[in-house]
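Across the two complexes that follow, chain A remains constant while its partner is chain B and subsequently chain C.
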Partner chain A sequence: MANPKPEELAKIDYQPPKTGWMDTPTVFKPGIFPYACKPKSLETVGFPNPRQWSVKDEDWKLPPNWQEIFIEGLRERVSKYRSFRLFLDICVRCGACADKCHFFIGGGDPKNMPVLRGELLRSVYRKYCTTTGRIMGKIAGARDLTTDVLKEIWYYAFQCTECRRCSLFCPYGIDTAEITILARELLNLLGLNIEWIAGPVANCWLTGNHLGLQPHTIKDAFDMFCDDIETITGIRVTPTFNRKGAEILFVIPSGSMFADPGTFTCMGELLLLHELGLDYTWSTFASEGGDFGFFTTNEMAKRLHAKIYEEAKRLKVKWIMGGECGHMWRVWHQYHNTWYGPVDFLEEPVSPITGTKFENAKSNKTIHICEFTADLIKHGKLNFDKSRNDNLIVTFHDSCNVSRGMGMFEEPRYIIQNVCNNFYEMPPQTIREQTFCCGSGAGLNASENMESRLRGGLPRANAVKYVAKKYGVNMLACICAIDRAALPPLMDYWVPGVRVTGVHEMVANALICKGEKKRTTNLRGEPLPGMEGE
Partner chain B sequence: MGFKEILSEKKPLIVEKWLDAILNNYPADASKFFKKQKDGFRNPVGYTISTSIKGLFDEIIEDPESEKIYPYLDDIMKIKAVQDFSPSKAVQFIYLLKKIIRIELDNEITQKNLSNDLKIFEDQLDKLALLAFDIYMLCRERIFEIRVKELKNMSYRLLKRANLVRELEEQESNFAAETVLTQNIKG
Partner chain C sequence: MGIIFSFFAVIALIVIVFIGVQGANLHYLFGVVIPYAAFFIFLLGVIYRVLQWGRIPVPFRIPTTAGQQKSHPWIKTNPIDNPFTATGVFIRMAFEVLLFRSLFRNTKAELRDGPILSYGSTKWLWLGGLAFHYTFLIILTRHLRFFFEPIPGVIKIIESLDGFFQVGAPVLYLTDLIFIAAVTFLFLRRVVIPQVRYISLAQDYFPLFLIFSIGLTGVLMRYFLKTDVVGIKELTMGLVTFKPVVPKDINIIFYIHLFLVSTLFIYFPMSKLMHMAGVFLSPTRNLANNNRAEMHVNPWNYPVKVHTYEEYENDFRDKMKAAGLPVEKE
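So, the complex of A and B:
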């Protein structure tokens, strides 16, 4: 391109175009989209159209009959899922959801308004699945499925974290996240995934976890945790792996095994369960609570989820406990029973320490560790020295899937207030069911889309900034592995000085264990308050 | 009444027009939302820009060299650096103020012969735009630093398992013996 002349430069118009959304072309901006999936990741799980491709290329190497595949896929899903058809049909474009998405709030791209994001697919649905759309075309809000339209759907399907904040405000109850879920499913029919999702899915299919950690690597990681715990507390924790006949199978997201600060949460869970003398086992096969298959297709989600129940069956445990994880709970609570029905080979979870029956888990026999720990505290089974966390001024981020998806609001707060002296809530319109997403969920926590993550995380960070300024908050607690991975960079950019922790890291720091030595540092190896000189 | 007094007096009008002009640079739907929603937690972009330019305007009148200007500019540029703006568009909001002042104070400037004051004031705004650009670049660099840091954090424990980092610690004093990989890890 020739250098612009001065008079051309002087004619820069900063006003955005005033065209309708269908006539406003989508510009692919680096920093917003994640990298394309690799062929081997698709081949591993038998997904269609594995090939080397790049998002920046003009040619996405689609199959010759890609339109037919997409449209047939759409028709099939519309007839299979009544909810999907309803969500596509009944939206009156009232706009109640428009300003609820964190990507729109932080970035200002109108196609990130849930109503418009849904419209991207809805317009294709109208054209190929409704009579009015077929006849009236654009007047009825329908449009042809061209490669540009397909690319646009792709661009925005991977700018939605499926957090469901928009659905909370829809007067019709439309779950726009489900539209994204199915848009991604249709894109997967053409091999249009991102590597940050496809890679973990392939790893999980082969090894049981997203990171592709093999049994000896997991064991080695835990040995190191045990060494660290012993150095800090004087207690040798002795976890067991793949132990048949254990009462409980404990499953956590693999991110907590290898990425800080999640590792400290895992260490916290190890110490707590050891202190209780719980008859439980870890599994190197069911070594992933998360399910990135959930971000590809319904079938893939089911395939990856199955390993946990297969392992529970193989080990003959009575029930399952899950660690601090986000979408693991969405899958367990909202999809498991549809896939498998109530589990008949496990028992209704009963805490062996307090005798509490977790009736809420009657069907899938799985409880969240926060439910378990909150119950222990309620029954006075744990002794804490809260002052060990006195250097922390804590706020709590409700992870979308656990709060909006599962309805768990009180347990983590109850635990935090029992192990910390300084806890402050963020403003009510940013927490609990109205919580703002971290901006990186649903498989979008790749590094290459950092601008997108930072703008999507702005509403959350903005609320943290407020409590940091008002109360001096320096620690953001959460109970989701993606949060623990995604919130530190978010804080680094928007609210430097605020760190991120899992709840059970703080539990273990405050927990007074039998036979422990005088503790001078926390699980991170940092001096406890008042121990700086020791 | 001097130039600065007129600016102070007309502050509400000028700031309102300035905000309007800044937010008009977003697509219509976004602009409408950023202007309408007054709750700062539901609309951090609109709220931050609106409060920051008010503070910025006061400081420019008071002392354009003041350090107090920095946090206001920082708050705005942090947002612009992650949005769909080219560098020129990101700093353009300062120049919008120039235009507004020329239009709004046109009569006063002619009647009271304040063109020299306007020139000095505009020079200060130019400096401010340069400062805004510096901050924009810092934000962009920060984004890339964060990306690198994140990748390092993700791989650190895995590399430790592979004995790469342990090796690094032992050989810390022997820089020549480090591989390219371990140097990268060390940063």
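So, the complex of A and C:
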């Protein structure tokens, strides 16, 4: 299905319909929703109610007692998550969140206002979990859980990327991500997942990574990276896999092992860590830093995540370093210590190169590669030829999860400014804690919902367009694997000519390595500035 | 529908007072019984709700980080919007509760042809909200004069500051003016802004109408209708000393005022107005962003089924060996 032209898509009507939202039926528009999960994906991990179903069908083949399952699930979760209960209880519908959501800004659908997306479930909560809602019904904002209501909740739970931008502006910190996460858990009880999430989850369960890369395939991919690096730099990097006794276990999102431009980030990391002579290992088992389980249920997230620490324990490493990824860092930073800790079998991370103690990670023993690299640069351990990146006019996209679920803003910027000469920020309302989502996070990076992704990505793309016009920006840097997959088509659509890179790709391009040959191309095999003729 | 329902609900409340007090002479019910009941429902209700929330675990530490994290000592952190310590959290919460920090960030997205999106700062909701809550607080504090004899000096100071401009007789309180204006603003934005109108429910209009009516009856009583202040004080002092008396001939407007306030008190614990207490418990605001430095314990954490390395190696052993990858079992 062809997408509308950008001019067409940008005609957005923000006027809500005449009828109240409870009385306005939700129409499932092609291009907005992702496809249903396949039964096999659910069966692989033992998720309930696997079956063949289709979003477009009238009959979703729900289990006969689906209402009971959903309502019981809801009651259980409001008694296990204070966040959830509180956020369902205290919203005053002030509307401050409304125009903060990228899906609402780019689409105008009122049910994509975070407040209203929350009300979809809140109305059911009122009906079945509060006295006033039970007695007063609609006038108290309560409604029955019908199949139409269920479908509506589904439609909008998969139009939220859990980016938490709304929670930044909410006077009570109500976090729609929290509501979406638990709404998806409830839907998952009924087998109502999407294949773009359930498939990677099943893969991750079996092979250790979302893409389903088997151990030998990973090895092959890295052999190719090494060959390319040797061709470009003259240096043979020699990564090790599943090696016991290494000091550090390094884990990246599998997307960076497989698809451009993420692969160049991976190559960049390979070259950097080789140049340092770091005693580290990759793992084909812990071959996924990301966790699509997080987009199904918190339990599944924990089930997939355990392998990171299990592998660190088995390989007897001292600590863990993680690569450039967004939701991976939401999970690693805010969840994995709680799921798995206390992590007493590892040591407090210390950089073997600079001796820096990473005190902020002393409990869960995991550090972000940007924290690691920034420290190297600060201590003068790396030599750069910034001019090799002179063809790039760079801006930086803060990934939602790393921004609002961690707060890492300066480290990547410090690195970028040390490896390239041309760096310009997008407008302040679109970066750092106010950053806009790529529009494809939280497992919505499928192709069948492309219109939704392009709409959701409009605010981000529009800010890039601003700096592209003003400063001639031609490269969008990011530290997230979903970004690296989602932003290139987004740029092609809204801001043609702007490409996407990971930060460590630029690091490696500028990095002067011991014994390297005269470089003529960058890691992508494109000529370096001034080398076009060679 | 919500707006009409709420409007008539408040009208009905006023009619009830007319019938009850004027018609049926139930002065004791409206002057003593209902206020007592309302006060205790409010107190117990709020405590119950807070305890109910408090009993629910906080499984994960999920602060919304709104500034630079603490990592390297040479990187300037934002210890308030992204607190690492309990002190930082305290300050963040103080900013949130006292100054509505998050609402202060508010922007308004605008789409122009191009497309060009822009996000201008907009402080109206913040200002209106702040004005409403603070004047409400001051007015409430001023009302303590009805519950103390002699009247504490601090209340007199507040009164004199509030009437600083010495306009009119009785002196016009600035807060009364701002309060009515702020409630009106909060109502108007709900009606005028299409998106906000679309999301508004009866439970959003009802407290606004109720609070507006409370304000209006208060203003009428103070500035326009002659009410027996001595009699009212007798009644309120009777309430706080648990020796309730109902003086004769207090104007009906007082009973309306009192009944609406009682309704607000009763309504409070079962409504969104509980955001007053809830904001303190919000896990995206009241937790430190130190997850990697200090473990957060989930009280209901339970072991889960995982795919072990052993199972993985069993699945792929031959392929791993063929690729030269080390294995546990040959």
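Keep in mind that, in the parts below, the second predicted complex is superposed on the first by the 516 of 534 C-alpha atoms of A that agree within 3 Å, B and C clash if a C-alpha of one lies under 4 Å from a C-alpha of the other, contacts with A are read in each partner's own complex, and residues count from 1 in each chain.
Definition applied: a contact is a pair of C-beta atoms (placed from the backbone, for glycine too) under 8 Å apart; a residue touches a chain by one contact, two chains touch by 3 or more.
Values in this document were obtained by computation on a predicted structure and should not be read as measured data.
J.: Chain A superposed: clash or fit between chain B and chain C?
T.: clash
J.: Where does A:Ala140 make contact in the superposed view: on chain B (first), on chain C (second), on both, or on neither?
T.: second
J.: May I ask you to decide whether A:Leu376 touches chain B, chain C, both, or neither, giving the answer as first, second, both or neither?
T.: neither
J.: Check whether A:Leu458 is in contact with chain B, with chain C, with both or with neither, and answer first, second, both or neither.
T.: In the superposition, A:Leu458 touches chain B and chain C alike.
J.: Considering only touches as defined above, state whether A:Lys18 meets chain B (first), chain C (second), both or neither.
T.: First partner only.
J.: Who does A:Ile105 touch here: chain B (first), chain C (second), both, or neither?
T.: both
J.: Tell me the contact category for A:Gln429 with respect to chain B and chain C: first, second, both or neither.
T.: both
J.: Tell me which partner A:Met113 touches in the superposition: chain B (first), chain C (second), both or neither.
T.: both
J.: Would you sort A:Pro489 into first (chain B), second (chain C), both or neither based on which partner it touches?
T.: first
J.: After the superposition on A, what does A:Ile229 contact: first (chain B), second (chain C), both or neither?
T.: After superposing on A, A:Ile229 lies clear of both chain B and chain C.
J.: In the superposed arrangement, does chain B or chain C reach more residues of chain A?
T.: C
J.: Choose the clashing stretch of chain B with respect to chain C from the list 1-9, 37-45, 55-63 or 109-117.
T.: Stretch clashing with the third chain: 37-45.
J.: Once the complexes are superposed, what residues of chain A are shared between the chain B interface and the chain C interface?
T.: The answer is residues 12, 14-16, 98-99, 105, 110, 113, 116, 220, 427, 429-430, 458-459, 462-463, 466 of chain A.
J.: For the complex, give me every residue of chain A touching chain C.
T.: Touching chain C from chain A are residues 6, 10, 12, 14-16, 20-21, 46, 78-83, 85-86, 89-96, 98-100, 105, 110, 113, 115-116, 119, 131-132, 139-141, 164, 167-175, 178, 205-208, 214-216, 219-220, 241-244, 284-285, 298-299, 302-303, 306-307, 310-311, 314, 333-335, 337-339, 341-343, 356, 358-364, 366, 371, 374-375, 378, 403-411, 414, 427, 429-430, 433-434, 458-459, 462-463, 466.
J.: Once bound in the complex, which stretches of chain C touch chain A?
T.: Its residues touching chain A are 1-2, 5, 53, 56-62, 64-72, 74-76, 78, 81-82, 84, 96, 100, 102-103, 105-109, 111, 114-117, 119, 125, 129, 193-204, 270, 272, 274-275, 278-279, 281-285, 289-298, 300-301, 304-309, 312-313, 315-316, 319-320, 322-326.
J.: What does chain B use to touch chain A in their complex?
T.: For this pair, the touching residues of chain B are 24-31, 33-34, 37, 39-45, 48, 78-79, 82-84, 88-89, 92, 142-143, 146-147, 149-151, 153-154, 156-158, 160-161.
J.: Could you please specify the touching residues of chain A with respect to chain B in the complex?
T.: So the residues of chain A touching chain B come out as 12, 14-16, 18, 24, 27, 29, 31, 98-99, 104-110, 113, 116, 211, 217, 220-221, 224, 258-260, 263, 427, 429-430, 447-448, 450-451, 454-455, 458-459, 462-463, 466, 485, 488-489, 492-494.
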